[in-house]
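Several structures are given next for inspection.
Next come two complexes, and both contain chain A; in the first it sits with chain B, in the second with chain C.
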Partner chain A sequence: MSFGSNLRMFANKASLCCNVNKVTLELFSRCSTVAFLQYDKDPGPSFSNPDVQKLLKSMTRVQLEKVYKKRSVSDNTVEYKFMTSEQLEKQFRKAAERAEKLIQMPPIVKVKEDSQKVISRDPALTNFSNTKFVIADITYGVNSSDRKILVRQTDGTLEYAPLSIRKRINQIYFPHPGRKIRLPRMFEPEHLNRCLANFQYEFILDRACVQFDPYEKEYHEITTKVYNHINESKRFDDLRSTRHFGPMAFYFAWHQIIDDLLYDMIKQDYLKNGAELVALYYQLNGIDYDKSIHEKLETLVQPQSTIQSVLKPKASDDMHEEIKNAIGKSAEDFTADDISFEFIETFVKTKALKKVQLELALQALRETNDEKKKLYHGLKKAHGIS
Partner chain B sequence: MAGRLLCNTNLLAKALQNLRIGSHITQNAVNSSRLLLENQLPCISATRHTSFFNKLPATDLWKGVTSVSNAGKKRGRGKGVGKKMSKDLNRGQVIGVGKSNILWPGLNAPIIRGRELVHQQKLPEDSERQQKLIKLRDSMGNFRVLKINPIDRGWSGSKMPGRSIGAPDPVGDEVFEGFDTRVLELKTVFIMKGNLGRRRRFSCLSVTGNGKGLAGFALVKSPEVRGALRKSKNRAGQKLMHIELCDGHTIFHDFYTQFGKTKIFVSKKPKGHGLVCHRAIMTICKVVGIKDLHAKIEGSTNLQHIVKAFFLGLLQQKTHKQLAEEKSLHVVEFRKENDNFPTIVASPTQCRKQDEIRSDEVMDFTQYVLGNRIVLKRKKFPPFYTKHRSYEIYLKKQERIRNNDKVRLDMMVNYGEVRSFLTDKYPECSETKNKPAEAQE
Partner chain C sequence: MSVINFAFLARPNIFRNFLKGNTSRIFSLNTTNYSTEEPPEVQEAPETVTREPSEKEKARDRTKVIPVETSIRYLKSAAYKETYGEYLVWEQYRRNHKGMFPPRKTRKTCIRKGMLSTGNPCPVCRDEYLVLDYRNVDLLKQFISPQSGEVISYSKTGVCQKRHQELLISVERARDFGYLTFDVPFREYDYSEYYNEKNESKK
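Let's look at the complex of A and B:
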């Protein structure tokens, strides 16, 4: 009893405890029968690499309207305020800052395995009781991951509690809002498949973030299942501008299945993102490439600040701006597109799995881009701007 | 014993006949323990044989219960008269003829038939007589409640207020499409005329609208109810006003409005809130096309004043653009459902700077649109029972079972039944209603 007065004995009634374990174990075993791509080595360091994070964030294409989309709330009152332009800008800045937090990506880390760590074996205590005893330190202010939770087995062994017990005890004494002690039935394969069939990707991923820790095996199983489903249904737009887009792109790049996502990016004319995805692919798979492309692209394409996108564009006298608004692209955009084209094309030729499809898409985009370019130059000439 | 009693009463009756005194001797008075021949004093009570019922003829009596005098009507008596509430059960019945078919010479038969004296006699029962009577009574007509489809019903019963009377009649080629008129008030009013005296008319207030912001109301008087309804409907159609709706479901902002002693505080509500207000305001809102609003009336609830005040308030609303121009500031919307993301709903042509705003200026949006008023929100006091000792006991008892419902739900989700860790050992103790049928056998 070395944990002081805050120590709690947690004597589970054997049958109930076993029942719960049986149920959850059954579910997990059913989950795990589904084949999923595992990470052969720890993806944590690569994921938290600042370069990779930058690429993932850029690919997410944050749109404040989508980050702050309509959600069901208990109180849906509307408030109005009078504001000066400065106050308004401050509000938008705050909202953009808040959005940054809201779309923080859930990390991808290695699956944590259970290991038995015995503290002492006391054969004298054998058959002292017919139930296990769980001993938890519930001192205030201790981190859930650092909390000491031990188990006294019926044969008298005192050991550190396995992960499943740790999670349950932590949830009992320090409940994580929204997390259930038992696995929500939504994550059972039959119900999960129904959710996937309805394309409720964001809902599943959000709930998985609440229910599981990123190092849990079930988290990896569920998220990869969702990512694979998205890859098949090609509904990448559902996750764009959410916190799950980055991890999804990371997963595809790690396992070298970026073709569908790249095809989608080319089709939607997100060429810069396409180039970034290819760069991510190279980086994660240890392939050398010309890293100067990032600098080139960055100097050409200003990262669109989220505030600017919200504030209404002022009627400017600048003809350049007007032409840009009419066509949707500026001269810098065209040169950036050319660089991206080249970069992606080399990838398609050497590494891509769906070469023909991607080449055709690139070709089509190039043609439309050329037309736009022509129009752009024509308009410039007509307005007398060189 | 009974025979002796009869004998007694007969004797007494004879003796007291001249005094017009009836005598009653109850059987209870005679006790078995008493001697049979003991003198028994009769209980005597005075009775009068004249009454309201035998002084007036049947027609007068009948009239008395089925109608109301003119003077009484003016005082509001006999509201149900004319509704055919009563039936004359005497009709079709003849004296001397009843359920058992008996021949009474001198009453329903001649005393002498030919040269023979007719004797009282029971004839075979007439089975059709009763049916004939019922048929006759049915033909007299029943009182029937006016049946109105619940959807078409107004505010109260079969009364007109709140009921729809259709779109105004077309004027030339102009058809009032999509319009609906609702009666707000229908009452009798009187005026004095030099030659005609007190003249009665019907006054009707109705409101018409197309549910998309176009609405009008009119008050009309006519000697006929139907005329009043028709006239007010058509006149309301001639007095249409355009009321702009915010997002197609509510008002632009909270407002305060007043007509006479009627004061109304109206507040804007989000989608799905519904109309929480006086029934007249609710009817107007439905006709105008407002779906979500809250209104509180203070002071007089005179219906005509409410209608006028509410329409004034609706017309005096300012759109967001107007407010922005007035204040020279942006009007920004914060919706909780969008996590309070600011949305500009209106911008002025020239926006003021922070230092141009006076320190004493009203910057609160609601306070500004209410005309610098602040709505008094009464403090909510805890309910009376929280002070009782029994409530404390109740709370203590609740403490034990506070999470039972959640546990029950959880068990139903995970096991399909309510069970405990002892259920495996003692299956007979589980809740039977949730068990499958074979388990009960």
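Let's look at the complex of A and C:
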């Protein structure tokens, strides 16, 4: 059993630690009885599918102001510089690239089950010690998930450490910033419910990301609880333009409860996103649909580049631009909206659970859109552009 | 009125209360004034020990335990508003020290044997209704810097060492329980760690 350079052993206060784990597990099993929807099969492949990733990223609607909102962290320094406009543009481009990283979605993978893998049984070592020994390879540069961590039980069995011990030992020798060895009390059901009642969604999810690994059961339970709460309180804007919006939309689409989110998107006039959500729903549930809609929307609506939204639009004498700015939509937008309308309407008619509500919202939006369209054409005529 | 020290003059609203004769909300008390009132034959006569404590003695007494719920209500009340106005609890407090430079550390404690033992107690000790507890979020928030998210040093707030320790503990507990939110460190995921086995095309 040679583990390279640094080999460390330490006696483990086995009985005590096991008790703590049991208590937390019991707490979780109690909270999990309330509306906990599990992924029935491995969601990993569908989530990592490039098409799905594209849809989820587009739905997130990145706003740089929200991604770079003021954070109270200890190295909160500001640097002031004089720059030429080219340098400034370069900086903006860099900032947009960094924003892409900052809204990286936490991966969705299936829950990993503990499995006992025995290396050797040595009955000669029985009662050698009354505590078990944990042996960890702490060689520099090894990935936390690949690190070798073994347990010598009191009955002489040498086996791979279970996940809970692995996590603890990894945290002791290679701590994750922000992760606690003991579970924060916040994740206990009563305190979690209080946090939810205060709508601290982003905080809970951020902390869950740091505290748990994506394959842990607790992570799945907490995130689904938060998503369900958001679905009830309809505060989707809290997560929009954060890294958690994609996984939330994925969860809703997987479990076929997208109606409230779709209603919110229609109400806020994010029709393209609505169409994307419906497409995601079809894709995850294996329903055939006309995939050409993506291309159509792509050609009509320019992908809202994050850089463009920051750089101020240059003053142009183009009348089209001016009218577009006055109304907020261009001719392409109107045709794109029509396509999305049709796509969503077929979904509402066939698959939706809250048909009446969605139909009414669609109707209302269509009316306002028609008015805008009329205004648009009127303005065009007045300016003498065909 | 010669006993009034400078701390009174620095806080006009408290000074006003004092002039009105309402002495119940005064924070700082003059020790010398208090000791002269005491009769010298206290040790001889046992019945003078059991006499009613004077108004000033009552104001110095800190044996009464105030529940957190009361403190939480107090921080939302009009009485609190009148006392502190728009300022933070510690903002208007000034330490008393000789010379130009204040001692590096604040005093060890303001309360000894259940009584205020100083004429200029720290901002938390002077107001008995400010209870440091992990549930008292409104109070804890006043001691957290909006820039760095850390607890502000006692050299700035002037809180005594004992209360500062209590403050650190209650802030840590409040974060653990989720009463206080903070900016969680960003975690970057390596997608290949989670998806590599199934699809070889790396994301």
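By our rule, the second predicted complex is superposed on the first by the 357 of 386 C-alpha atoms of A that agree within 3 Å, B and C clash if a C-alpha of one lies under 4 Å from a C-alpha of the other, contacts with A are read in each partner's own complex, and residues count from 1 in each chain.
As a working rule, a contact is a pair of C-beta atoms (placed from the backbone, for glycine too) under 8 Å apart; a residue touches a chain by one contact, two chains touch by 3 or more.
Keep in mind that what you see is a predicted model, and the values were worked out from it rather than measured.
In the superposed arrangement, does A:Gln200 touch chain B (first), chain C (second), both or neither?
second
Which holds for A:Asn130: it touches chain B only (first), chain C only (second), both, or neither?
neither
By the touch definition at the top of the document, which applies to A:Ser292: first (chain B), second (chain C), both, or neither?
Once the two structures are laid over each other on A, A:Ser292 reaches no partner at all.
Contacts for A:Thr84 in the overlay, against chain B (first) and chain C (second): which applies, first, second, both or neither?
first
Answer with first, second, both or neither: which of chain B and chain C does A:Tyr68 touch in the superposed model?
After superposition on chain A, A:Tyr68 lies in contact with chain B alone.
Quick check on the superposed pair: does A:Asn143 touch chain B, chain C, both, or neither? Answer first, second, both or neither.
second
Taking the superposition on A as described, I'd like to know which of chain B and chain C A:Arg185 touches: first, second, both or neither.
A:Arg185: touches chain B and chain C.
Output check: A:Asn76 vs chain B and chain C. Expected answer is one of first, second, both, neither. What do you get?
Once the two structures are laid over each other on A, A:Asn76 reaches both partners.
Taking the stated contact definition, name every residue in chain A that is touched by chain B in one complex and by chain C in the other, in rising order.
Residues 71-73, 76, 185 of chain A touch both chain B and chain C.
Within the complex, which stretch of chain B touches chain A?
Those residues of chain B that touch chain A are 253, 268, 270-272, 320, 323, 327, 329-342, 344-345, 347, 351-354, 357, 363, 365-366, 368, 410, 413-414, 420-421, 424-425.
What residues on chain A touch chain B, complex-wise?
13, 15-16, 19, 23, 64, 68-73, 75-88, 91-92, 95, 98, 182, 185, 312
Which of the residues in chain C come into contact with chain A in the complex?
144-150, 175-178, 181-189, 191, 193-195, 198-199, 203
Which residues of chain A touch chain C in the complex?
Against chain C, the touching part of chain A is residues 44-45, 48, 50, 53, 71-74, 76, 101-102, 104, 106-107, 109, 143, 145, 176-178, 180, 184-186, 191-192, 194-195, 200, 203-204, 206-207, 209-210, 214-215.
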